[in-house]
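Below is one structure, written out as structure tokens; comments come after it.
For clarity, chains are labelled A, B, C and D in written order, and residue numbers in each chain start from 1.
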Amino acid sequence: MVPYSTKELMACWLSRDLADREYAAVGANFPIPRAAVLLAHLAHGPNMKVGMGAFNVNLQGVDHVMSLRYFSDFWPVQWAESASFFPLDLLSIHKLDVFFVSGIQIDVYGNTNLIGIGDKQKGFKFRGPGSIGTATLATLARRYYIVTEHHSPRLFVEKCDKISAMGFGDGTPGLRQKLGLPGAGPKYCITPLCVFDFSPTTRKMRLGSLHPGVGLNQVINNTGFKIDIPEEIGETRPPTSAELEILRNRIDREGLLR
Amino acid sequence: MVPYSTKELMACWLSRDLADREYAAVGANFPIPRAAVLLAHLAHGPNMKVGMGAFNVNLQGVDHVMSLRYFSDFWPVQWAESASFFPLDLLSIHKLDVFFVSGIQIDVYGNTNLIGIGDKQKGFKFRGPGSIGTATLATLARRYYIVTEHHSPRLFVEKCDKISAMGFGDGTPGLRQKLGLPGAGPKYCITPLCVFDFSPTTRKMRLGSLHPGVGLNQVINNTGFKIDIPEEIGETRPPTSAELEILRNRIDREGLLR
Amino acid sequence: MDRQSVITDEATALAQIRDGMTVALGGFITAQHSMALIRGIAKRGIKGLRVVAGLSSALEVDLLIGCGCVQRLATAYVGAEATVPIGPFFKKAAEDQTIDLWECDEIILMAMLQATAAGIPFFPVRGGMGTDLPHLNKDLKEFRDPIHNDPLLAVPAMKIDVAVTHAYCADPYGNVQYAGNTFADGLIHRAAEKTITTVEKVVPTAYIRRDPFKTLYTADFIVRSPFGAHPYSCHGEYIEDDEHLKGYANAANLATKGDDSAWKVYRNQFIDTPEDHMDYLEQIGVKKLFSLNEF
Amino acid sequence: MDRQSVITDEATALAQIRDGMTVALGGFITAQHSMALIRGIAKRGIKGLRVVAGLSSALEVDLLIGCGCVQRLATAYVGAEATVPIGPFFKKAAEDQTIDLWECDEIILMAMLQATAAGIPFFPVRGGMGTDLPHLNKDLKEFRDPIHNDPLLAVPAMKIDVAVTHAYCADPYGNVQYAGNTFADGLIHRAAEKTITTVEKVVPTAYIRRDPFKTLYTADFIVRSPFGAHPYSCHGEYIEDDEHLKGYANAANLATKGDDSAWKVYRNQFIDTPEDHMDYLEQIGVKKLFSLNEF
């Protein structure tokens, strides 16, 4: 088997959950989801609609795709078949199938925080960069994934100080429907150690699989909340050599994931 | 003095009420307002924003302007500096300064009807073509003019059977503000016989001026409601030869107004 | 696995439209209606359609009413301006109450589409307050805004099954570009669950990529239909066929007054007999078609 | 009487912006901010601005905060992605509560602009329900839709005095066209009472008329400002000046930690000393500027 990095594992695993014809958006400065979407597109999704910055691109036949320096880069224009119509497209973003969210805090119910840390009603101990588009996109996209390059008790907390993108709130059954949120919410949370899914009854994060070589205690010790652990724990399926070939030669020549 | 037609009189009179820098829209199949806007633009409004069909044009330096066959004609593209952005521009149409409305009924409070005639809640004795954009545009434009090529008791009624564009409703003081309508409502109603304005107290139509050669009784007999008649009645100021020269050589070579 | 073309034939496209569906039509008054498909709907006798004609219709909805396809109609206008001031079948159906009218003006129709496209239950507008539109259209509801207590009209979203639009060109993957005005077509596409677009020309994707900012939307089905908007105009290609419109209006007018002989001839020649759009164009004839070329 | 040019100089344009006004800035994260005017605002020490940064800001609002111009800020993000993850002055001001934050995400900000542009008191959205945004931003109000009783968030309109945008080109009459993405600039223009646009190039009206569909809006004031978005990008012209952004962030970072020596140097060299935008470009230097040309 070809050796691979944890980030490559994460990208390959995510890519398999994306289907052909889906509409998925890729931002800048979020290399794992970017690689996942492009890998899905090049490996099995020739009809995917891929949002790259403010363009919709199709990359069939493109030898290799450099990564965005910034979200508003102009150069993807060369592969663009359309550009986002503002405000029309942002206001009709519920047609987005797949979105990705991160946070400076992630809690047991899949809520994420990009706003800031601190208990006060106003003011912050640590101010985050802001919600960007996540408050709405996590609501409206048909499903989303929480992706983080870190796994620590400070990141994975019982309850976010502030919620910028609501996952399952306080776990009340049917809360998303009650709040009128059309999207299904977070499907998986993937970290450098493991994959979490969400219990359909409690809506809490549940251990889905451990990455190869990761021990259960490593996850428990690095998570700030009590994890729902099933009887049998699977292993995250590693990248295939075919996946790695596309990933390394066409998507990540710069080696951001290595 | 150069002889002129009633329609030319109406167009010239209206044109003087439009100021430079104003944004005025001209439709198809409404030749008098079209001529009024173009005359204002060419005579004293070089900085007007002129909506011609779905384009915004500037006609300085254009020898002569043919009339639109249809509202959605493509050929004004040759003079267009921008095109309407749908839906953005229709939803921000409150920046429109001047609009023109007609009707199959016009009532004493300046309400107009393009929907249909008949008392029933549903169904019509005579169905009109529909509201087009008037319900909203008469509400949002800073002011508007009612323009009609006919003057008869069947047209000028006490109360419209249906209102498609609200003028002053039932005359309740402050009604437009109470209903949240930002525009000032109809400023004048011009017909082949006279100009009406609106009493600031009753909001009813009031005789403003008689066109040259028209007698007071002619107006009274052809209007289906009692007209507020001031002590002194002015005469509608006829076209100047300078106005007629622009009108006939640059705006109405086809002679639609003659 | 290869990228799949979405170019299809008229029959496959029309099979998407079934009795009782809500269908939104593109174009604006006398421009850019997908007549190739609208005639196809009439020929197949699809029934009970709930038609949304945005921004405003010409006589394409009049034809659908005349052929018995329409149960409900949302439009701000039915006519062809000076040529045909009001659609004859529309006028009669409105007077006889044989169709439901979703009474509105153009901006209220756009507000409905905007609500639908944005996935919100309603869109608030000021226009229409004080008019009879809320009395004639029970879906429109006056309310007070939750912040300042201002009076407003709530225009509800409407589920739209299929959008049917006509455009200048598309590539095999459904990327649609217009040569002129796009009217409400971009909004209509975003409000509908599925979009079928007839185009004057199919172009290679490289043509689309020359200016991706011109792509208005990506349709689910593309049908190659030169002169597909005839007798209406298509910006950059051809103007209206006034003579045809007058012939239609004359036949329809007589039919609403009890003499349907001319309408039977019109319907037979232009709707029922032609197998498809190409057959229809043969009826119109090459000389007529190319006499309509713009500029 | 002749048609009047709206091209003006920086001083006249900046005189439109007065203490306490609400100013909306165009561009998106690291693209197309009107830095020529934003530095002018900072240099003149305009105070108490209520800044709306749509779609999202980079560090142009951070600079305005650092120079003491900002009383309130509506933005969904302040940073330059991997280069500068968060604006230093913004971070400190938020933590110390020295500016008011109108907390939102990008789509809620657009909803506010859309309400303002449409002249309606609020825009209803689904996004943000269940988050802390309505707790942090008291202008956002949960309500029940008047038709289906669905829960929604009402985003109120906001009076915007001046929009400040940067574009590729304009003609002397204010018709503005972009070479690339336009982001929320078309909406921002329509939401503001007045628009000032800096442009890379002034072009003849004949150029605009080649493709009037590309005209995004007609601005009230045009200021000729080549490299006017530096250190940010302008589509079709130049990319970001990362080195400059890092220098700024480093100076700002130190200043928020009590050492303002580097910030004083930055401010002196790039904001206070240059008379105008051209003087600023001299500080950057021709070699640097042309090294940023895209493609």
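Simple rule for what comes next: a contact is a pair of C-beta atoms (placed from the backbone, for glycine too) under 8 Å apart; a residue touches a chain by one contact, two chains touch by 3 or more.
The structure displayed is predicted, hence computed values, not measured ones.
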item	value
Minimal step count in the chain contact network, chain B to chain D	1
Between B-C and A-C, the pair joined by more C-beta contacts	B-C
Where chain C and chain D are represented by their mean Cα positions, the distance between them in whole Å	40
Separation of mean Cα positions, chain D and chain A [Å, integer]	29
Set of chain B residues in contact with two or more other chains	55, 77, 83, 87-88, 91, 140, 182
Multi-chain contact sites of chain D, meaning residues that touch two or more partners	114, 118-119, 125-126, 150, 152, 180, 186-187, 213
Contact footprint of chain C on chain B as seen in their complex	28-29, 53-55, 69-75, 77, 83-84, 86-87, 90-91, 93, 115-116, 121-137, 139-140, 162-166, 169, 175-176, 178-182
Residue numbers on chain D that touch chain C, as the complex places them	118-126, 139, 141, 143, 145-148, 150, 152, 154, 156, 180, 213-214
Touching residues (chain side chain A, partner chain C) in the complex	20, 44, 46-47, 49, 55-56, 58, 60, 77-83, 85, 88-89, 91-92, 94-95, 140, 182
Chain B contact footprint on chain D (complex, rising order)	1-4, 114, 117-119, 171, 173, 175, 186-187, 190, 205, 208-209, 212-213, 215-218
Residues of chain C that touch chain B when the two form their complex	27-32, 55-56, 75-83, 85-87, 90-91, 94-97, 103-108, 110-111, 113-114, 125-133, 135-136, 150-152, 180-184, 186-187, 233, 235-236, 239-240, 294-295
